[in-house]
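Listed next: structures, encoded as structure tokens.
Look at the two complexes coming up: chain A is in both, with chain B in one and chain C in the other.
For the complex of A and B:
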């Protein structure tokens, strides 16, 4: 249903959820990111180019992960969102908090 | 191009040799002529009164007719408005009401034929099958049994032959819409019909239902005060168009006459068509009046067998006697109220079936989802709430509460589950955002936590409930809006390419009556070449088989047994292709290899068979009352590959979801006439085998190996088969009717 690719890059850790980020996958997403934050600290980039759909639980998970990252002294940025994700972020004004970057590289830089 | 009647021959049972097959009646094809919608206001559903049809007992089945498709006609289509002189003797005036002595004579012959036939077939099964050659003997006796059943069904119909005579005068207050259906026929052809429709004397509104949505046609029509209806905007690319049935269903929503005269694009009506027929609707239980389809562009000998004098005559009249005359797609008048009642009752029953099916499968679907998501407490909770809602719905459905109310309440409960889930998410998100704002001093975070902005997250598509896909599917099963169709109400049946037969069968099932009015009141154009004719016959046959497989008339509880048998009889006749193969193979096998399927061609045999054959032909002659029948008999046998193919393709279509296939679909009649021998290859092979068997038996005679009556019987049988199949050669060579000018010259 969903898979998470985690890889180290210069400047941070990239987490790429592939599939639908929803009520039934939000918890494992949070656990994955929390683990990354605890292990690596620093910046987490969520590569959303393979995320086809988010619902309110998925959005909630993104915000919760942002909070986790900030509390640990790092940051969480999202990159390359698909059309539906961009739309939902815009509709809820969350793009003002989670400003999407066009590419993973850009997100890693800041 | 309407469908002429099909292989009219439905002769009844000839059996064994001679007459071998029975005829397939015609079939119709309702193919293409689709309708399209125009931009009218789609909705405007006519008010539907569910008034009870009539007594169901009185209905009997008939079957519909079909139309040919117009496509092929370009060649001569563009004919001018002036009707060409009719060269075919159409039975213009309605036959007088059947006299008692005619009916008595028919009944005596029917009884005798049935007795002799049963006597013969019982003897065949019990005493004369040559089991040594069972592989041909059994098929032969089965084929003969098939033919006997065909004969008995014909006799059953003839028992109640109903020649109605003239109709009472119409109710002058009746309102009528004349609907000319077209898809891609040439404009002058359509306009010729539409202008004639305008000239119909009884007050009416004329509409062209242009499924091709051609602006030129609209301009032509509107300049002459003829309305044009095209598909409404509800017919999006996502819903099936249902060809002609869809075109008519669309038009039913935007017209409002009490009665609808339906005409294919080539069927030019006479001015008196409504005056002559509307009177039958004085009986308020009558839903349909069908008149014949007759063609002006056939030659006297009609090599393509386009005219169906037997079908549009004694066969429909037989069905009429059982209240089972059926709708043949054109040249018929329908009562709107009956159609709307049919549409509404079908809608209700389809929704009911869908809801019950969903209720039945819901438990299993939910259990499976619970297992799949057992680690996610929120999903489990949501599923439990959906289960509770379903339990309630199940109880209400069981108690017979109105489905619309029940499903509405269910959908609202599901909405609240959705809303609760997304509200929880939003609340958590807002708390996180507030914390973030406090932590990092980012005002955007707080501003983002704006209640309104999150409202959309509770919508069905974005709610977390949608994450459980099986639940989404389940919930949509309780949607009674029928979003997979352009209109919730589809009065004309869409289960078959012959919507007409299916529709009238359903009308009979609701207790409505039908009338066959045997007077030619519209004249059309038949296919003018073999490829077009073959395509048309195949479509009719396929449509009829679709109805058999999808809504077997024998199982339709709303109809009387007489009606069921009359519909079934039409379908049965289309199975003749299989029998035809046996009727050809048996004499060839005997003459060529000496394989004898019967114990002996003894006196016993002839004493039983010959009287039956003679009476069967006599019945046919008496019932036909002078109408030509030989052409129909020929085609019912000679088109055996078409009939077989219709059965196999319709079977694949209904049970395996395959397409019916559009094999030969000639675009136009080619000017340079090419002889399409390739289209009749099986028939040519059969003829070759028949000829070879004659040669072989000649050699055997010369060698002194053949003697007795058996070879003679089989030679006669082969000669009969050759006479039947010879029509194929004429059909391939046929290049259309002579041009009028030539003819008159």
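For the complex of A and C:
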């Protein structure tokens, strides 16, 4: 199961998926981020410190959300990925485009 | 070689069953014993990707109610293994054609991720059932 915490910070909006981002939850993650982009614009930081597992559907959702954010003139950045998330980002080369930052603060700065 | 951990799940072919797959894995790991984190995450990722593939293919090709799958997890001193059997329509899979999707694509990563994480991944059709076999060393 998953929950999404959304909070506004100076420099952007932070979305924190808590739980597993998989085929079961990928759609609601996309909807949450799309809503944030439409409402706030600018930078979206996905705080993955509480995201215990990501599968290919979750990765697809991250790529889609990156496109959505950029099309709106903003950006999407990943912060504090857990070990499994770091591994799959590396195996899929998505770490090159999603370029994870160590902390949310770092991601908000750019 | 003596088996040290064995678990079986019978479930409907639907996305929510992925949660049951995760729960089964969590329970299984408690009995499997020490495995390097990367091996554990890799194997877990591969199992969830194949479960997702079974769900996705059945939904796309079929949609008939009553489709079920069985997942068997087993481990011995050297190897971690998983086997999926489903009663969906037989599918043709050529794993030699699988490659990682370009970074801009939103799908096409599941089987490539599973292959990258495992030592062996096979798909066959046995008695009209799709059978996936997954294996990797304990590291």
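Definition applied: the second predicted complex is superposed on the first by the 110 of 110 C-alpha atoms of A that agree within 3 Å, B and C clash if a C-alpha of one lies under 4 Å from a C-alpha of the other, contacts with A are read in each partner's own complex, and residues count from 1 in each chain.
We adopt the following convention: a contact is a pair of C-beta atoms (placed from the backbone, for glycine too) under 8 Å apart; a residue touches a chain by one contact, two chains touch by 3 or more.
Bear in mind the structure is a predicted one, so any value in this text is a computation, not a measurement.
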Checklist entry - For A:83, is the partner it touches chain B (first), chain C (second), both, or none of the two (neither)? => result second
Checklist entry - Once the shared chain is lined up, is A:59 touching chain B (first), chain C (second), both, or neither of them? => result both
Next on the checklist: A:108 in the overlay: touching chain B, chain C, both, or neither? Say first, second, both or neither.
Outcome noted: neither
Next on the checklist: Is A:48 touching anything from chain B or chain C once the two structures are fitted on A? First, second, both or neither.
Outcome noted: neither
Item to check | Touching partner for A:94 - first (chain B), second (chain C), both, neither | outcome: both
Item to check | Touched partner set for A:2, first chain B, second chain C, both or neither | outcome: neither
Next on the checklist: Looking at A:71 after the superposition, I want to know if it touches chain B, chain C, both of them or none. Which is it: first, second, both, neither?
Outcome noted: first
Checklist outcome for this item: So the chain A residues that chain B and chain C both touch are 20, 22-24, 55-57, 59-60, 63-64, 67, 88, 91-94, 96-97
Next on the checklist: Considering only the defined contacts, which chain C positions touch chain A in the complex?
Outcome noted: 15-16, 18-19, 22, 37-38, 41-42, 44-45, 48-49, 52, 55-56, 100-101, 103-107, 109-110, 112-113, 116-117
Next on the checklist: For a test of understanding, state which residues of chain A touch chain C in their complex under the given definition.
Outcome noted: 1, 20, 22-24, 53, 55-57, 59-61, 63-64, 67, 83-84, 87-88, 91-94, 96-97
Checklist outcome for this item: Given the complex, residues on chain A that touch chain B span 20, 22-25, 27, 55-57, 59-60, 63-64, 66-67, 70-71, 88, 91-94, 96-97
Checklist outcome for this item: The residues of chain B that touch chain A in their complex are 373, 376, 378-379, 382, 421-422, 425-426, 428-429, 432-433, 435-436, 439-440, 442, 444-445, 447-448, 450, 453-454, 456-458, 462-468
